[in-house]
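Input: one structure, supplied below.
Naming follows writing order (A, B, C and D), and every chain is counted from residue 1.
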Amino acid sequence: MKPTNKKSWRYRLHEIIYEADTPMGKLFDIVLLILILLSIVLVMLESVSEIDAKYHEILYIGEWIITIFFSLEYIARIITVKKPRVYIFSFYGIIDFLSTIPLYLSFLFAGSSFLLSVRALRLLRVFRILKITRYIGEAAKLRKALINSKAKILVFLFAVLVIAVIAGTLMYIIEGPEHGFKSIPISVYWCIVTLTTVGFGDIAPSTPLGQLLATVIMILGYGIIAVPTGIVSAEYTKSMDKNDVLGKDYVHVNTQACLNCGAQRHRDDAKYCHKCGEKLNYESNLET
Amino acid sequence: MKPTNKKSWRYRLHEIIYEADTPMGKLFDIVLLILILLSIVLVMLESVSEIDAKYHEILYIGEWIITIFFSLEYIARIITVKKPRVYIFSFYGIIDFLSTIPLYLSFLFAGSSFLLSVRALRLLRVFRILKITRYIGEAAKLRKALINSKAKILVFLFAVLVIAVIAGTLMYIIEGPEHGFKSIPISVYWCIVTLTTVGFGDIAPSTPLGQLLATVIMILGYGIIAVPTGIVSAEYTKSMDKNDVLGKDYVHVNTQACLNCGAQRHRDDAKYCHKCGEKLNYESNLET
Amino acid sequence: MKPTNKKSWRYRLHEIIYEADTPMGKLFDIVLLILILLSIVLVMLESVSEIDAKYHEILYIGEWIITIFFSLEYIARIITVKKPRVYIFSFYGIIDFLSTIPLYLSFLFAGSSFLLSVRALRLLRVFRILKITRYIGEAAKLRKALINSKAKILVFLFAVLVIAVIAGTLMYIIEGPEHGFKSIPISVYWCIVTLTTVGFGDIAPSTPLGQLLATVIMILGYGIIAVPTGIVSAEYTKSMDKNDVLGKDYVHVNTQACLNCGAQRHRDDAKYCHKCGEKLNYESNLET
Amino acid sequence: MKPTNKKSWRYRLHEIIYEADTPMGKLFDIVLLILILLSIVLVMLESVSEIDAKYHEILYIGEWIITIFFSLEYIARIITVKKPRVYIFSFYGIIDFLSTIPLYLSFLFAGSSFLLSVRALRLLRVFRILKITRYIGEAAKLRKALINSKAKILVFLFAVLVIAVIAGTLMYIIEGPEHGFKSIPISVYWCIVTLTTVGFGDIAPSTPLGQLLATVIMILGYGIIAVPTGIVSAEYTKSMDKNDVLGKDYVHVNTQACLNCGAQRHRDDAKYCHKCGEKLNYESNLET
């Protein structure tokens, strides 16, 4: 930790960029967040032809300012971090890189269609926002709840897809191309639109039988939405129970065994076997 | 509390306006509520051109009655309350003022577009209804549950927005302006319409790839709706566990035994056996 | 219970109609259920012009059969029940009557518009299905859960309406009649369509500001759907907790007070005060 | 289990087909899964006229490969299984058969409309995927949760249908055929579209009264979606409370005190103090 003259400036930079405790660090984080949001707004506004026509120069300049800042940040991160390679090939490293180069690329190449995908690249900056999430305790909780119920949700989605495929084909047979159900994929797409209760209405059944099946699909979708919800809220309640409900009336027990009577599952703070009163061996207690 | 002659009428007014216990107070509250609802209905009906054309006079008179009543109420509140300034600059104080002045303003200025915003001002009367909520115990509970899970919900909304921005841009690239996705903001708007399972259908993907992405967005939206629900219901369940399930009608009992009759399951704070009245051993009680 | 010769046939009829234990009773219930469903199907089919044109005679005959059966049932119920008046003016009594007379009425009067409302009357037969619910244990549970959370749900609906009124007016101001938001009521209607994530798309915002507000409304609606769900599932979990979680470690206490030390909240089975060991008075124990 | 020369090859086949433990078994399962998915994709692509026009040959060949594989699998299953009849008339047996024959049938008969239903038959292969579910532990859990709350959900759906029928007829009376509500069945269909918050928008109320009723229906649908969700999540929470929250890692403790060292909160089954090893008093233990 003893910073030598040479690395001291580096160390300070590292502190500013990677830590949020120092006032400079806080300032840096805020500026970064603002610029990220600004850059996204820029990309969006550019896509609105009227605005782009009017304020093209301003947008362009803004783009430049942001790109330069991000470039400097990227370089700074590489310099200050201990293992540059690790950072460069980390999720955020790649995001930082990809979301910075577009403007430079737009010099080398051109073509509106290509510029579009370049804009898309810029949008990767959104992921930079995720950096902020580490300041939000809730985010972790939420992520945890989702990860815990991930398996369940996947199974659920799998079920939804199977239903959609079957119902979609039936709709295709019943309604047929003449009523907008041009192909099975389209019908399956329509089914998911309906199952998820989105219901665009660009395609809608017009035959009585089709409408009957649609009814079944809708009610099905209406009913099965309960499943993921149930799962997540159960997960949540569970995680809460751990903290709140599981009160002072319960104590954690470990798998250590008594050397005298072999009784297991003693309290972590147990010094004597609760079965035979034999002193419990020290090692395990030290380890506990 | 000893009302002097001078302030006695004030005191009575205060009682009528601020308390709902006295018959007069109750009556006042009911009249107020009716007039609030009436005033909102008035504003709405005015906006319906046919109705406004026919019954303009009636609406206008009704408006006058309400405005006068509200004006008097406003003045009465200022007079009767101990610290007028506190009330005037309180949430309800501002609401009461803003929702009363419109008619007076409509004399000073004119211009249909302006009158519209005046109508909007009048709509602030809706907030007056919130005054009633203090009579509804549930409202507090509900508000509490929402406030408790506010942080979580914000994180969730943040996530929704990030998804919408990313998916929106992708849709913009895939579908492009020729299919109604005129700009990224519009695409993001469409994404939220889809994620929230609203699905107006004014814009809908028409390319296979676009429909595939739409499917993903829909299922995503269908899945993540589980999160806020899970959060709130968990909050609710939690708050219930404390207040309702383990309400004041239940008390914790332990398995300690009476040395005289051997009866078990005494209340934690029990000093005497509830079966035989024998004093229970001290140590445990001292340590409880 | 000793049926005399005179009333014996009545008694048997009563058994058949009101009880489902006897084979005849079961049969009666099944026939009734089938005829109820049939009658609803009839009314529906009649409304489909093509079907009505083709099979008018069949539908008409079917209608006759059902009406006659229902008439006989209605008379039978009045005869067999102990207090006819109670039945006649009970919910089911009125339903049975109203859902039987339409055909007879259709003789006295005519006029397609009137016949429509007559059809509607017939639809009251749907409520007869509710009779079946008494065989479904779950129904009671469900009803209970809903009734328990009724207050909460009402508050929630009230909140939804307030939001809809405010947002609706804002939309009316922003979008205006030229974009389909003809009046505040229409805008409020649109708001509820959006808040509830139904989203017909018959009206949709077209100005950027309008779409921004729409986004807020949608996410709001998407978020607050969590509230009723949370409420109900909490209610459900609660009702379950009562049975499952609230285990042997908790005991019910009453409000009886000790005559010696005044300590309250004794266990129902307490004979001695847990505070001072004084014998508790007998009356209260006998009453408990 | 002692495989004779004759049946040994059979026994090995049985192992490969029915068990997933052996490497060959695993491989077989994976190949099967891939082919099932492939076959579904094929059927879908065939339905897209453009694709079918271009790549008809490839699709046809693919179809052949899959059909042959499935045929062999089907025969193998019959040969290797102990009770062929049981398998053949089991759910999977019928699925396997029906999803294999289509191509053979398409030789005997022809006619686009018929070929469609043949395609549908092929889609039954989707159900083969269900075979995979037995590898997913979650699936069982999910199924259990659904089965547990099946009765409740049925009651709920029944309620939804009753509401839809009543509201649908009212809409038919209010809006009438001139506004798209051509018949009661159509109106009921529209009602379910609205209740389930799908809202296609192909039909939408245009009269004020109709829109008012629609509002009620929407809010109703928005509210009652809470019921199935509440049910399922309650089921889930319940099932979790037992398995997860109070898992084998926690043991109940009481507040009984050791007479020697006064340490409290011993396990209910403790005979000796876990702090000092002193024997705990008998009475309480005997009664535990």
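Heads up, the rule we're going with is that contacts are C-beta pairs under 8 Å (C-beta built on N, C-alpha and C of every residue); 3 or more make two chains touch, one makes a residue touch a chain.
Just so we're on the same page, UniProt names per chain: A, B, C, D = Ion transporter.
Just so it is clear, the structure is predicted and the values come from calculations on it, not from any experiment.
Q: Chains in contact with chain A (Ion transporter) and with chain B (Ion transporter): which ones?
A: Common neighbours, chain A (Ion transporter)/chain B (Ion transporter): C, D.
Q: Counting C-beta pairs in contact, does A-C beat C-D or the other way around?
A: Between the two chain pairs, C-D has more contacting C-beta pairs.
Q: Could you please state the distance in Å, as a whole number, between where the Cα atoms of chain C (Ion transporter) are centred and where those of chain D (Ion transporter) are centred?
A: 30
Q: Nearest whole angstrom, what separates the Cα centre of chain A (Ion transporter) from the Cα centre of chain C (Ion transporter)?
A: That gives a centre separation of 41 Å.
Q: Check each residue of chain C (Ion transporter) and list the ones that touch at least two other chains.
A: Expected reply: 156, 185, 197-201, 225, 229-231, 233-234, 237, 245, 249.
Q: What part of chain D (Ion transporter) is in contact with chain A (Ion transporter) in the complex they form?
A: Against chain A (Ion transporter), chain D (Ion transporter) makes touches at 40, 43-44, 47-49, 116-117, 119-120, 123, 126, 129-130, 133, 136, 138-139, 141-142, 145-146, 153, 156-157, 160, 185-186, 189, 192-193, 195-202, 225, 228-237, 239-241, 244-246, 248-253, 265-267, 269-279.
Q: Note which residues of chain C (Ion transporter) are touching chain A (Ion transporter) in the complex, please.
A: 197-201, 229-230, 233, 237, 249
Q: Quick check: in the complex, which residue numbers of chain B (Ion transporter) touch chain A (Ion transporter)?
A: 151-152, 154-156, 159, 162, 165-166, 169-170, 172-173, 177, 182-185, 188, 194, 197-201, 204, 208, 211-212, 214-215, 218-219, 221-223, 225-227, 229-231, 233-234, 237-238, 241, 252
Q: Chain B (Ion transporter) touches which residues of chain D (Ion transporter) in the complex?
A: Residues of chain D (Ion transporter) touching chain B (Ion transporter): 197-201, 229-230, 233, 237, 254-259, 262, 264, 268, 281, 283-284, 286-288.
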